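Here's the structure we're looking at; comments come further down.
Chains here go by letter, A, B, C and D, matching the order in which they are written, and residues are numbered from 1 within each.
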């Protein structure tokens, strides 16, 4: 039997759960999983329901629209592997981790291609029979380079773009082209150490814990909605290179956890925050 | 407006959420928070809903009973401070932590009394104007001593009994007298180091992480349903006394987290496990 | 047999360990514990040695001075309970935790007094038979109030001053009066959320982990050398008040860990960092 | 200038640090790092010193032997990449993580070969140009199969053998053949859930945290000296397969941390414990 994920993002009102469940019940659908969240501060209502059964997508969406407030966002995704394109630069730890998960079936996605602004990672990627495209940024204007990257991404039309340590700053145009579709891993415990060389910054500040943050990319560098974070202890014996080494383990675990959440349609965005259901 | 917590524990069936929400909607009640969980393995369904509005408890329970499967357990608790009795022995860290939370209003409960099998903690407890009862176990049979404890507890008729490092083994009679009402903190990361002196056991085994476990008390010592756990890193420089010192911080945090969950009616038990909604 | 803690802070040079151990050996002293650290970047050398035996402090210091570089800082502390004065405002969780540790002998210090700018905590402190001084800041210039606080602290001449959620900004004069003697707990994972209301800031930013930081107080607010940090997970269901509640557990654990390190003379400062041996 | 790691394992005695540092000083050697530990309970003394300079290994060892107690174990290792052989079965996450670290230079070792009792991982390993040997155990006595594995390992004569989810029980003969040379990753927070299917056991017990343990292999299954451990939170929504997925991240991080410690000669064993300097 087919499974679907129903995602509702609206304002709270009396009877929402009743109205939605009534429609599902009337359509003879099973609720496999269900989670809601009401944010009291903003009066926002979020609902993620995994349903199974024979359904006509258009009819179901129409009936749900009729019982929900006008401004509601309603999505009905068939449960299936999402297509993703990965952007990288030179570092292999996050990308490599995704590739290993990919070939043993643990990554519930279809990696369509890897695009990088250097060719360092070509050998690694091609070992896994995945298309690799090097689009060098040398001697190019930022926008011109980015246009080439966008063009290449669009050839694949992915549902998600994963920045696996892609060390280029993205322009607002890029961000607008792929709204809420770009996942980044920042190598610090945001909002600490925004910007370049966070491990050097952390070492200089003498912190006792470092971390990593997976977030949606928005126009404000390192300011997008946070999806997942984790940390690891360090001490005075760590050089900044030691911190980077320790941090790499955290980076790959955090990115992979966040990506898993996105692949399962578990993340809602409101304001600059995420709700994970 | 009054708030109630509705707790449903039943078997999964089509339309459960619909049926419950229909009753709530028909009674003109607001859903403030709602969480469900279906355990696929056992087909169990759990639901915790915070509702507000004017309601007649008997009518609501009757209507819910009519739409739910026959074997369902349905509870409707008015949101209010629960009464608790604390049992202790000699150690003050967990008890003291509860007392400090109590006087600054952070502990959402009413501590009715502290009962201990030694008088070491009397001074501390009485500083906080809480009745303290020392029921010594010296020269007594286990059952006789326990009967006195039960008698004293029953004078207070508490909703929860918190074992704050109560170092006596409880008999099946005690457990049966207060089913799912007794919370214990065990000073190890269960199921590691069951039994006496877990810090000595941990030191002997040379573990690199120690922990604590809050659980419901059942007939099987240290085998009750786990509610909350946490850990802390140790290393070879820790004597078992150092481990105990480090572990005490974990014990008090874990117990207080678990107690908070019980006070908010967030914990369901099924088999030997808990669902925390 | 008496125990001493020898603390050496100098620049690295060939033969340092040899020269120090030679002096200790010649004086017939036992090395109970020993730890050194060389910071390659700055060429600084730190050594903490616990020694036991009969010794003449002046002679030992003289002999060590002769074999160490000229700029060395050498301290020889008899192992004993340090005197501390605690500053607080209205919140009781960190202070209360220290008091509970104090009366059960777990805090290896002598609390001489608590000074607060409100009288909220008077009852609590006096339960434990510790002098409480309320020095209100109302209708006073910052410097005038602080002078009164300094005067009161100086009556006790403590070895350490512990800010247990003291919510007043200290002037440079205060900091200079007690160099490397003032320990603060900041309710965020520094350097994230410097300044006021860090839990509100954290909630606004939508972080998934919050933390606390214990640090030496310096002229730059929230910028002093970090001694200890810890974190706890939060999620979208946490209001900022929930974050504060969760954070309080971390605050008290982090402060108590940092204080323990200071009481054991385990912390060296260099630049804006700490070495913990 | 060449670097060496000096490792001393002996019983504590007055003047040990003095005597060792005297010999190093007399040989005009630099101490780059130094750490000691005395275990009070057993009176054992451990020392790890990184030294640099021109030295004659035989002379230095002779001079150290003269000043140290008779039962001392003294090792002097030139700092260099160690040779390792990896044993695996079917799971790729730990092995894959090692391979990714290997090709980007993060793993400070030389992987000589991978030996497995199935051929599932052959493609993956050969992508990285590392010899892969499948030695099937089908229709074979345990000892006969193991003899073939030992024979193959001995062709490479590795300094360390890494069990990267090698799902075969080793005989005492294997353990004796490679004393303190075999590193294993166990997929539980030992000593919890010894034996088969720890994730199923953990799921059945309803724990709220799972973990992984890297340890030396000894004759007692899952009882060898623990080198490194880590944990991750789970909740009631996790099936045992979800726990396994979450645990895999921990397994690879813990194994890689433990391996790094062994590659840097930082681990001493005494009794059934480790000292990590």
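Going forward, a contact is a pair of C-beta atoms (placed from the backbone, for glycine too) under 8 Å apart; a residue touches a chain by one contact, two chains touch by 3 or more.
Since we're looking at a predicted model, the values are computed, not measured.
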**Fill in**
By label, the chains that touch chain A as well as chain B are C, D
**Prompt:** Which pair wins on C-beta contacts, B-D or C-D?
**Reply:** B-D
**Fill in**
Between the Cα centroids of chain C and chain D the separation in whole angstrom comes to 37
**Item:** Centre distance in Å when chain B and chain D are each reduced to the mean of their C-alpha atoms
**Value:** 41
**Asked** Could you say which residues in chain A touch two or more other chains, in rising order?
**Response** none
**Complete:** Listed in rising order, the residues of chain A that touch chain B in the complex are 14-18, 21-22, 24-25, 30-36, 38, 233
**Message:** Could you list, by residue number, the parts of chain B that touch chain C in their complex?
**Reply:** 91-93, 96-97, 99-101, 103-104, 106, 124, 127-128, 245, 248-249, 253, 256-257
**Request:** Would you tell me which residues of chain A are touching chain C in their complex?
**Result:** 37, 39-41, 189-193, 205-209, 211, 225-231, 235-237, 239, 271-276
